[in-house]
Amino acid sequence: MNPVNYLYLSALLFTIGATGVLIRRNAIVVFMCIELMLNACNLAFVTFSRMHGNLDGQVIAFFTMVVAAAEVVVGLAIIVSLFRSRHSASVDDASLMKL
Amino acid sequence: MENLIALLVAAPLLGAVVLLCGGRRLDAVGHWIGTILSSASFVIGVVLFTDLLGKNAEHRTLMQHLWTWVPVEGFQADVTFRLDQLSMTFVLLITGVGSLIHLYSVGYMEHDERRRRFFGYLNLFLAAMLILVLADNYLLLYVGWEGVGLASYLLIGFWQHKPSAATAAKKAFLVNRVGDMGLSIAIMLMFTTFGTFAFGPVLSHVGDASEGKLTGIALMLLLAACGKSAQVPLQSWLGDAMEGPTPVSALIHAATMVTAGVYLIVRSGAIFNAAPDAQLVVTVVGAVTLLFGAIVGCAKDDIKKALAGSTMSQIGYMVLAAGLGPIGYVFAIMHLVTHGFFKAGLFLGAGSVMHGMNDEVDMRKYGGLRKYMPVTFITFGLGYLAIIGFPGLSGFFSKDKIIEAAFAKGGTEGWILGGAALLGAAITAFYMTRVMLMTFFGEKRWQPDENGNEPHPHESPKTMTIPMIVLAFGSVFAGGIFGIGDRFLHWLEPITGHEEGNSPVSALTVTLATMVVLVIGVGIAWAQYGRKPVPAVAPRGSLLTRAARRDLLQDDFNHVVLVRGGEHLTRSLVYVDHTLVDGVVNGTAASMGGLSGRLRKLQNGYARSYAVSMFGGAAILVAATLLMRAV
Amino acid sequence: MSFPLLTATAALPALGAVATAAVPAARRTAAKWLALLVSLATLALGITILVRFDPGGDRYQLTESHPWIADFGVRYELGVDGIAVALIGLTALLIPFVILAGWHDADPLETGNKRWRPTQGFFALILAVEAMVIISFEATDVFLFYIFFEAMLIPMYFLIGGFGDSAHEHGDEAAATQRSYAAVKFLLYNLVGGLIMLAAVIGLYVVAGNFSLADIAQARADGTLHMATNTERWLFLGFFFAFAVKAPLWPLHTWLPNAMGEATAPVAVLITAVVDKVGTFAMLRFCLQLFPNASKWATPVILVLAVISIIYGALLAVGQRDIKRLVAYASISHFGFIVLGIFAMTSQGQSGATLYMVNHGISTAALMLVAGFLISRRGSRLIADYGGVQKVAPVLAGTFLIGGLATLSLPGLAPFVSEFLVLVGTFSRYPAIGIIATFGIVLAALYTLVLYQRTMTGPVKPEVASMPDLRPRELLVVAPLIVLLIFLGVYPKPITDIVNPAVKQTMSDVHKKDPKPSVEAAK
Amino acid sequence: MSATAVHSLWTTAATAADPISKIDAPKIEYGQLSPTLIILGAALIGVLVEAFVPRKSRYYAQVFVSAVALCAAFAAVVALAADGYGTTKAHIAAMGAIAVDGPALFLQGVILLSGLVGLFTFAERRLDPEAHGNRVDSFAAQGASVPGSDSEKAAVKAGFTTTEVFPLLLFAVAGMLVFPSANDLLTLFVALEVFSLPLYLLCALARRKRLLSQEAAVKYFLLGAFASAFTLFGIALLYGYAGSMSYSTIAQVVDGSITNINPALADTMGNDALLLIGGAMIVMGLLFKVGAVPFHMWTPDVYQGAPTPVTGFMAAATKVAAFGALLRLLYVVLPGLRWDWRPVMWGVAIITMLGGAIVAITQTDIKRLLAYSSIAHAGFILAGVIATTRDGVSSVLFYLGAYSFVTIGAFAVVTLVRDAGGEATHLSKWAGLGRRSPLVAAVFAVFLLSFAGIPLTAGFAGKFAVFKAAAAGGAAPLVVVGVLSSAIAAFFYIRVIVLMFFSEPRPDGPTVAVPSPLTMATIGVAVAATLVLGVAPQYFLDLANQAGVFVR
């Protein structure tokens, strides 16, 4: 089947992820949405790799995963510490600083 | 000989500097220093005069170049003095009368602790006035012109603690500034027309200039003259100027400074001759003023103000004469000189009266003073006779000549001007008689003032009477000396030029007419003030009288139009400056602040809204990029 | 190469400023004396420039030129023409008086704080301003000029905001707020002007490729550098705006009354007599030289603005209740005359304008400093609070009067000559404008005499009854200024001789000839 | 390898394929990468130090290691530059992954210096009063412990200190070193993450006001990750368009100068949408890092919440690195697209300049104020970026150099002004500082004036350079806008000065802590740089000029 469809899918996933970031309150969920966006990118990479017939795209996919993992580590650490001090993981609660 | 000219100015200038910077240690001798230096100047004047008499007419112009004042590309002003018959006449008048009045002041100001300063100012005035008449170009003349203005400002306001005096001084200076504006514009016009403003080149090249320009110059000069010589419409300051000490009124506001306008016109005769329209205006101004002043003089009860009115009117005669052109120049100056004598004498007399009456100026509180102060009475009386033109006395010669000349102008113009002059003569006779009667005749009308001390009229000290006597001699004989055999005419002619007008009426008729109106004037006055006692409080009087008491409402006009209007203007401008000009800027700043305040609301602290802005931004970025490609 | 006289003249006060600032808190008198000596030494250097300068010589003399920021096409180029020499002289001359007059203005109220050294700061700042003003008069490189034209704002800003006199009708608190408002206003106005000029400076670089006045003029002359009409006009406007703010020209003037009103009298003198001159000077040197065509194009508008400034400033001066603000508005009126003279494009006008800058500096200094002494005695700036001073303090009143007479440009005092030259110069090309401007002299008389009458004459007010007359120090400040006023009034030749050649140059820069008189009279 | 072979990878997975020809080992120029490698190595050592060195001596060990590493790396950069790698020998190293050229070396130098200066402020331990006899720095005793909890008190009592910040700093620096020199999209992305992640952590580690600190970290992290997701997607699209990651190839594809076209790419290459969208998204990611409107909103919050030393370092170094990467992307990869991105960047630059300046007017917190000022400055730098001339590059380089020092200095001063609650960052507290301690106030005034671009300060020289380049590059309107916004900006810088010098000190006002030589050094260097770059910038301008060329 035409690989271009995978591109559409990845775009869709990316958009879903972005929307999630915009609408969800819970930091964890927001974070997962971001992961979703990254994975959408991965899909795009792999698809292009398939279309172009070179390996770079797939290699990058692995890099992306690693980076995502790293982000998880850092991100969760931060979010957890925030949760522990506030007993809430809502990103909206964290709005002491404004204006 | 030329080198002496500078000394004429230097002597009083030195006096001014010494007296004003000398400090209290000179208080004891200050007045004598001043008097000596002014008399020194007079002596130098006499020396130069004899020297001039020694030369024949065409070599009687001495020049002294001192230094180059303002050298700028295409613009050259020198400090150069020019002594010719005209300026010589003035030098003698100024220094002569000046010295006498210095002497007089020694006595008059005896009890004033700031006498030194007073003499400093007087010397300053002499210096400035001499610069005025000796200057060889209009810019230097302008220096003297404003210099005398400053001196008169300082002297009118000499008793600064009196608000009235301070105000009068300010008024005098301001009104004069308006005139000075005219002078400076005239100079600019000369510069653009002739490329210079030195007497020689300008007056000799008048022929090449267009009449329009010349008329403009002439009118501007006239404006200046009106300011200095208190001619309508700039006459309003002279009456108030009487706030100054009486010697000042005598010297500056009667004998010398106020005649500077006449000097200016006569000096610039060539220009006026080439601008007949301007001349007409001059004559009109003169005529109007001589009536105006006379009328005002009739209504005043304040002896000095009455004399001030008369001064105005007499200068009106001179300006009228000057406006007649070569027919009248000489007589204008001649009347100026004789007037210098008798008017100064009258003022000194008035001063002497006030001196004896605890500075009372209201003539209604005088009466019968002739027994108490005989010398003053006689000298004043002689001055009186002179001014009303009693046959044989100074005024008779000079004034009649002017009236003749007025008629000699010819045509309806001549009739009108002549008529005005005659009428003026009648009124003069009336109000001067009035002054005379109210002051020296009748019986005493003075009462003890609120704190009970009654004035004890007494004759003034020698230092005061001597000058009065001298001036009285002048008032009696000067006219004769000048007039008989046209001596003065021959003396001045080379400078001013002279031509006989074709008078429709003979000189004799004019003289007779003058006599008649004189008698009428005196008669009416006697009828009103001589026969029946003068009321101690002024009657309400006719409308004209009341208007005349207030200088024919001219001040009220000024006050409403200029003063009030000006106040409103400045106040509103201050408001505008603060709200509008400043407001625009502050407004911008404020609006920036407001905008900032609204924008920072976007920073609401919610991470998600930040994300929204990022997402939107990204979308716009992408869209824009694509759009760029599309277009 | 020879001794860098110009650099030295600017560097000396700069170093002096550093040294003064370094004086320990306790030794504030030492700081005063140090500052005074430095300023006097600078005056000596200034006089040396005056002497070394040869009116007949090249246009720019005593030149120095070193590479500076090649990348911006900027060189460290100094050089003086007659106009600059005159103004450097003025600056160097006035600063000692300013320092002497401000001798006690910055004495700290509480001397406990070891860190807070207002006195040192005050005099250091004054010297810093002097240094920057002098170098901006000397700079023949546009960028170099711009740098100091801008940098000068900072010390001025601290002088205004940090040391105003607390004589305020609504008490010290109000005074403090008023003061910082004035300081900020001063800074922002001039900064905005400067920034707009910066855009023009950059534009100039893009067009010309370097900043050297001489090179650009040369390039324009031999046609290697051609400016498009519109470019030139925009650049001109950019420059002129900054100078018009500094000068200040209506309607950009409103910062001046605040600044002069709130600052101490010596600082006010510094503003109006020294710093503002840089603006008018720059119009003459940069606007006309760099953009002659645009200058001619803009002349009508500028002349109108100038006339408005003259009349408007005078009228507002009449309406003031505050002595210092009155002087400020009077200055606005005078700056109108200066600009008028510059853009009348006649020799008389421009010589007059230059002369005017000098004379106005001296006369305002005289008037303002005496006013300062007066205010310091009574602790109020309101005219209404005075009256009859003449009786208790005649010398003070006398000097005040002379200062006032100079302000109304009485003949015989210096300002008259320059004012008349400006008027004649304007009149010979634009009669109508010349006549309107002449009304200014009447208004000048009005506000000066009203001020004098209200403060000095009339019955003695009880508050001023015990007012001491001028002290020796104060007399030492005023007397020389008055002598100078009189001397330059009767003998301005020394200055005009220096100025004339420079003016001739400028006139040829803008390709203008004086209008010929309609009748060529035999001189 | 051939396309068919690739296909066989997943089509014919089951069947035995012919053996893949072996991949030859990559060639790495270690010498030329030494700066990055040194830092990374040091960072790893730092981690080991955390593991094995006793707690008491960790601080000193870490500071020593980091300082040495930074100095060594800087020395390496200088050596490389001196060796001509900035100019003549500039080339692409590490199999096309890293560019070693003028801009790269210049920016690396700047980053290392600001890293070093930043390190000093990190290591400052005299500002806070000693807790239980232990010197404390500005970082939380124990990041994990809940604010205000017993565990935190215990940690403080035990004198714990988060010495991990030093390795984190080093990692961040390493990432920043790579970022501007990355020569393919993958490296770009990895570098981005490598320097972002440690910064997220550092933001969370403030000793005082920990809630704010954590909040800042969360915001920064989420938004940062969000942005990098966009970047990554953009990378994907570009890769899809050009079929390669390497800048040079993409550039060739963009301007159509590529030879030997792979038939598989033909259709995507035609599709400019991929290119444009992809480019825009990558640029957006970078604009986020430089804090350009409308991607700036994290800046004030993060700057305010993060520990001030971190803020200072971040504000300086991140901008430098990000602008470096932006320059390379726009000048090396997308020059062929200039006519598409320039107008867009115009818009961004304008709203950034104005937005930053205007919003700053009403700020009441000194750190937020500086944040907005940094936004405005980003706008000014963008003006230089848009010039797209060699002059533009060098002017931006110079500006970055000048700006980074001033920024670090300013934030270092902010750390000094303290009251009971730690740093007194509310502007009202700064009233009358000039009376209390004229010197500090004066120094801060110098920085502010430099920000405002007053002549004789670094800020002016930089601004002039950038505007000059922009005007010469045909962006005169930008210059005018820039000038106007500088005027607006001047207003609030002045406000602070007024506050410090002309308003009465408040009785409850803050005290100025006397710092250790470390912070003093930082501030001293900053002041020196501000004045030297302002008065005699020629040498550094030359440097930037030589460094003005990208290797392709």
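A, B, C and D label the chains in the order they appear, each numbered from 1.
Just so we're on the same page, a contact is a pair of C-beta atoms (placed from the backbone, for glycine too) under 8 Å apart; a residue touches a chain by one contact, two chains touch by 3 or more.
By chain, with names taken from UniProt: A = NADH-quinone oxidoreductase subunit K; B = NADH-quinone oxidoreductase subunit L; D = NADH-quinone oxidoreductase subunit N.
In this text, all values refer to a predicted model and were calculated from it rather than measured experimentally.
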{"item": "Two chains joined by the most C-beta pairs in contact, as defined above", "value": "B-C"}
{"item": "Taking each chain's C-alpha mean as its centre, the one farthest from chain D", "value": "B"}
{"item": "Centre distance in Å when chain A and chain B are each reduced to the mean of their C-alpha atoms", "value": "97"}
{"item": "Approximate Å spacing (C-alpha centroids) for the pair chain B, chain D", "value": "81"}
{"item": "Inter-centroid spacing, chain C versus chain A (mean Cα positions, whole Å)", "value": "65"}
{"item": "Whole-Å gap between the CA centroids of chain B and chain C", "value": "37"}
{"item": "Shared interface positions of chain C, touching two or more other chains", "value": "188"}
{"item": "Chain B, residues touching no fewer than two other chains", "value": "589, 600, 603, 605, 607, 611"}
{"item": "For chain D, residues that touch 2 or more chains besides their own", "value": "218-219, 222, 226, 230, 300-301, 491"}
{"item": "Those chain pairs that satisfy the touch definition", "value": "A-B, A-D, B-C, B-D, C-D"}
{"item": "Chain B - residues contacting chain C, complex", "value": "20, 67-76, 79, 139, 142-143, 145-147, 150, 153, 157, 160-161, 163, 166-167, 170, 173-174, 177-178, 180-181, 184-185, 187-189, 191-196, 201-202, 204-205, 208-210, 213, 566, 569-571, 573-574, 577, 581-582, 585, 589"}
{"item": "For the chain D and chain B complex, residues of the former touching the latter", "value": "218-219, 222-223, 226-227, 230, 272-273, 276-277, 279-281, 283-284, 288, 293-295, 297-298, 300-301, 339-341, 343-344, 347-348, 355, 358-363, 488, 491"}
{"item": "In the complex with chain B, residue positions of chain A that touch it", "value": "18, 21-23, 25, 30, 91-92, 94-99"}
{"item": "Parts of chain C lying in touch with chain D, wherever the complex brings them together", "value": "67-72, 113, 115-117, 146-148, 150-151, 153-154, 158, 161-162, 176, 179-180, 183-184, 187-188, 191-192, 195-196, 198-199, 202-203, 205-206"}
{"item": "Chain D residues touching chain C - in the complex, by the definition given at the top", "value": "435-439, 449, 452-456, 460-461, 464-465, 467-468, 471-472, 476, 479-480, 483-484, 486-487, 490-491, 494-495, 498, 501-504, 536-538, 541-542, 545"}
